[in-house]
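If you scroll down you'll find the structure; I have some questions about it.
Naming follows writing order (A, B, C and D), and every chain is counted from residue 1.
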Amino acid sequence: MSNLEQMRAELQELNLQLLDLMNQRAALSKAIGEVKRKQGTNKFDPEFERHMLNQIAEHNHGPFEDSTVQHLFKQIFKACLDLQQDSSKKLLLVSRKKKAEDTVVQIGDVKVGVAGHPLMIAGPCSVESLEQVREVAKALKEQGIGVLRGGAFKPRTSPYDFQGLGVEGLEILRQVGDEFGLKVISEIVNPSDIEMATKYVDVIQIGARNMQNFELLKAAGRVNTPVLLKRGLSATIEEFIYAAEYILSNGNTNVMLCERGIRTYEKATRNTLDISAVPILKQETHLPVFVDVTHSTGRRDLLLPTARAAVAIGADGVMVEVHPDPETALSDAKQQLSIPQFNEFMSELRATKLSQI
Amino acid sequence: MSNLEQMRAELQELNLQLLDLMNQRAALSKAIGEVKRKQGTNKFDPEFERHMLNQIAEHNHGPFEDSTVQHLFKQIFKACLDLQQDSSKKLLLVSRKKKAEDTVVQIGDVKVGVAGHPLMIAGPCSVESLEQVREVAKALKEQGIGVLRGGAFKPRTSPYDFQGLGVEGLEILRQVGDEFGLKVISEIVNPSDIEMATKYVDVIQIGARNMQNFELLKAAGRVNTPVLLKRGLSATIEEFIYAAEYILSNGNTNVMLCERGIRTYEKATRNTLDISAVPILKQETHLPVFVDVTHSTGRRDLLLPTARAAVAIGADGVMVEVHPDPETALSDAKQQLSIPQFNEFMSELRATKLSQI
Amino acid sequence: MSNLEQMRAELQELNLQLLDLMNQRAALSKAIGEVKRKQGTNKFDPEFERHMLNQIAEHNHGPFEDSTVQHLFKQIFKACLDLQQDSSKKLLLVSRKKKAEDTVVQIGDVKVGVAGHPLMIAGPCSVESLEQVREVAKALKEQGIGVLRGGAFKPRTSPYDFQGLGVEGLEILRQVGDEFGLKVISEIVNPSDIEMATKYVDVIQIGARNMQNFELLKAAGRVNTPVLLKRGLSATIEEFIYAAEYILSNGNTNVMLCERGIRTYEKATRNTLDISAVPILKQETHLPVFVDVTHSTGRRDLLLPTARAAVAIGADGVMVEVHPDPETALSDAKQQLSIPQFNEFMSELRATKLSQI
Amino acid sequence: MSNLEQMRAELQELNLQLLDLMNQRAALSKAIGEVKRKQGTNKFDPEFERHMLNQIAEHNHGPFEDSTVQHLFKQIFKACLDLQQDSSKKLLLVSRKKKAEDTVVQIGDVKVGVAGHPLMIAGPCSVESLEQVREVAKALKEQGIGVLRGGAFKPRTSPYDFQGLGVEGLEILRQVGDEFGLKVISEIVNPSDIEMATKYVDVIQIGARNMQNFELLKAAGRVNTPVLLKRGLSATIEEFIYAAEYILSNGNTNVMLCERGIRTYEKATRNTLDISAVPILKQETHLPVFVDVTHSTGRRDLLLPTARAAVAIGADGVMVEVHPDPETALSDAKQQLSIPQFNEFMSELRATKLSQI
């Protein structure tokens, strides 16, 4: 055995001793967690942790520097704490590790999240009038689409922009939904409106600007109505997942996620569609994942290609905005499809064949 | 006169004819705006605009392409609309064009926004206990600082992280504030809590995640308590200004802005301090502008240099987090100053001399 | 006719007068451009432009402000200059407006850019040895793939990282290419190496870090070997298009574009795949567009879903990294596929069916 | 002693045993590194590492999960590797850990990097004519400024934009520099021009687009002429530091760094000045650090405030663009100062007093 081989054998022996000690420490730490749970005290005790770190530095004689061993011990402390805590990430309610099978959300008789059966949700950016919503509903019905979207409370950058019809908008949606046999979805922005909204809508939408409006998330978690949660303008995927967890941890498990583009330096599109977020969210969570092709691109000419990409990558649904006369729309005029455009969009999307590579 | 000179003279003549027609059109458009105002109809009429653009294309015989003349006319339409609209940007309530002189916000007897007199606001990230806040208050008092910050409602990424003491935290702040003669500032996150909060705090903070929580902005606009509005994690300066306008347009003019770093690709700092935002906000608005050096950098070692930059660039104030024992803090342990560190920070900041260049 | 209707009729009359004057000005400006061309003088004359802007301000009596009319005239000047200049954007050599039909690049007998026939390019990140490249080449051959990639000159963040085998790497590629009947592609980083490289490779790759290395682009434009140009780490689509124009304008029209992810705040992926860039580049240019799924995601588990999205959205090709033993690779160990993984990737990709929506 | 106290005592005992084993492992690993160094083999052996990780998982019986212990061991492996490697970050030639004292770069008799003595560098974006450069040089001389900048090779987004006068521009700079007794700095873009450039310029500038043009960096490293290296458009600070290391590791230690704004979503400024980069670069490296206020903001109205911030935060120098007639400049017309504006800029900057906080 060469010198190097012998040293390596010793190294492996040290590894196994380290492993054994780590697991002893883990077991002891778990037991301490049990004691604390019974006492009702906080599992994380920063004072004791600091005490241990100080002690470790005092006893450290290298060759590792103090900062290195402290870093390594912090990793060990953290792993032990994770063992103690039910609240660790691997146990998030939204996590695939917690629940392996796909969550199927029921919007009345419409099922969302069944593999191989993506759902289209369409409708105008803003509810402007009964007539407008009816025209769109008729087009959806003819396309065999079961869920109608429409904004009643519109979060707008400027206080002087059209702020939506409010409750009147919800009433219009409900009336048209009932008339055409469609389920309806609309954004709610005030925690105190959630309860009221459940009387009108089949799905509560929480918009990008409110993804970390935690009071709104908690309120949406306390009802049973399905929630479609949009990713924040510059939210990380991790933050997005935690935002969904706010809803589930308050009791409502009917949650759908929606990628809608993120803010980047690129200005060719309104936002940058982060298409990779779809498979990541499908891996990390058991929730259905939508792609809003309208807001992610902000360009009518990109709706069809991005919808194709969304379906191909495994999205459970696509959202798109349709308006009887987009040019005169009170919001987002440039990115909504007219009804003939929408019909063409649907037929081209449905006719798509994947090229062989 | 050469051929080229003669052609240029003709060109200038055409310029002046164009100028005359443009101003005729502007005057007529302004008059139309007046008529519409009396009728209460929307000034922007996309249908008529589209009609005009079609007509222009029909009558266009080049050499400009249709798309070019339509682009030029859209610029003219936009300029005319700007003339019509009271709500145009130059008339925002927050705008310097609307009010040239600096707004001075009074927090009790503390004046914020007086040129040459920047204000320090300091305190712990979270209110954890009466004793903790007292220790910090004592340190502030000794440094001659008049405003104490402390979080009672903590917006946290995870629902399982410490969420703050809530109203109890506000009570502690008020009690300590009264005891030490300090004004207190704390973040409020629920529109329905704003009214209640005015009983406890001297300044309502609206946090970065809530910068476009428009219901919260409106609620803060309906009280008289000063508001410190933080820039959103990825808000443009324009969106930030409009968010402040939500507060002013609801009646509360006591608004202070706070740059706190924006989200970029760079990971050496928690966020990227957008120092240029300070002079831009000072130019565009008449409101006091703060820099939160703690959240923009997330690094203790950068607090002093960035505070120096903030003062040098003309900020009306600096915010910094101080904790009696940062290592054990329930939130943001890594970025808070201990009290001795804070004392050193203050004395070094106050001793700073600008190098001659 | 109501007052408003009459005013609107007048407005339309003014529009047509403005249109007429604009086109008169355009025609005159075009004529001036001709004179200048003959004189060989620069078409853009900022001094005369400034003179005109001053004159316009002097003659402006409102209601438009001086800055507004100057802005409008600048738009008109710009439109006139565009008419004059052959070099205006609509005449870029890469532009669809210049050449409507798709460019098909021939790599030997391999055609790239034929609609409905996307191409796979695969191979190791770095060429490490003859044996390594042979193993990969064999796998490609068995999958019916005709183009092999491999890095010989590696741009690395640190000067102490493996910098590639250089010319020796090119020789290995050529030898293996010839042995297996594969075309080969490799990145070149120094303008002075372009000429030499054409002896070894069938396609010159210009990497993301060099997208605006204009000397390299010019050198690649002066040979006939096809070029695959990668989008810069934070390049806008517009900058990317102009970078390609550098190559075409130097004579080489065999250019392929490659989206490879952009730098954003999101850290779940190495970069953010900007999938919308594909249809935009296909619209704006006539060049083939690839998607590099390896560098855009940096994650093995995302290669298959993003490759599906790339094909669905209409990419002309996909690039992916394959290594006989990824864990021991000298670069990018975490993101390369092993050969069995690559075989599975190919068969799953080829078996993909689009779900009906 | 309570149950909890006893368990904690055991925990501490385990900590110390772990510490001891870790340091044994570190010492052994260091010894292995020595053996490898003598053998000339790579210190990082991914195959053996994988073997150890497999072995650890086989021997793991919990309560830690395999993935947890593997994560902990990877941290330990990494710490050991850091101990082994001379090439680790703390030993970079640019690092403060390698050389504690500030590097002072001599540009002729001008010293750069002397604490408390920041340097101004000014001049036109592009060299356009002898007369133009002379006018600027005269203004610099009157302000007591010793270093003149001017672009001769201009990297431009479009191949049809003004590309600079090339060598003729360098000749003009040299001539004017000699005439007025000024040192001159100009950007070089082609590795093969570096040698030639040393005959004309006192400082070679490497521009943002070329920060990772490693061939150019290496070429600049092989001469002795001082180099001013600009941060890439979206380079991390870490990448910036490594880019400088390319120059130093090739022999040239006369390197100055220049923060010039990074690309973000914010469009109020051309780029976002990352002011925090200055103290970070000063901490991490021993090199002088400049701030280019012109390119970071792209706005004339922000030059003065950002220059103040740069000086206050400890920059060793400021770069600003000055042009005799900015409106007619062939590049970057909107952001250059005229000579009277420059004189005002200098006198206001020099008159700045820090407000007391």
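In this section, contacts are C-beta pairs under 8 Å (C-beta built on N, C-alpha and C of every residue); 3 or more make two chains touch, one makes a residue touch a chain.
In UniProt terms the chains read A, B, C, D = 3-deoxy-7-phosphoheptulonate synthase/chorismate mutase.
Here the structure is a predicted model, which means the values were calculated and not measured.
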| item | value |
| --- | --- |
| Which of B-C and A-B has more C-beta contact pairs | B-C |
| Distance-maximising chain from chain B - centres being C-alpha averages | C |
| Averaged-CA centre spacing for the pair chain D and chain B, given as whole angstrom | 31 |
| Gap in Å, rounded to a whole number, between the CA centres of chain C and chain B | 37 |
| Cα-centroid distance, chain A relative to chain B, in whole angstrom | 28 |
| Of all residues in chain A, the ones touching two or more other chains | 234, 238, 263-265, 267 |
| Of chain A, residues touching chain B in the complex | 46-47, 50, 85, 87, 155-160, 189-192, 209-210, 212-215, 233-234, 238-239, 242, 245-246, 249-250, 263, 327-329, 333 |
| Residues of chain C that touch chain B when the two form their complex | 3-4, 7-8, 10-12, 14-19, 21-32, 35-36, 39, 48, 52, 55-56, 59-64, 68-69, 71-73, 75-76, 79, 82-83, 234, 263-265, 267 |
| In the complex, chain A residues that touch chain C | 116-120, 234, 236-238, 262, 264-269, 272-280, 283, 296-297, 301-302, 305-314, 318, 349-350, 352-357 |
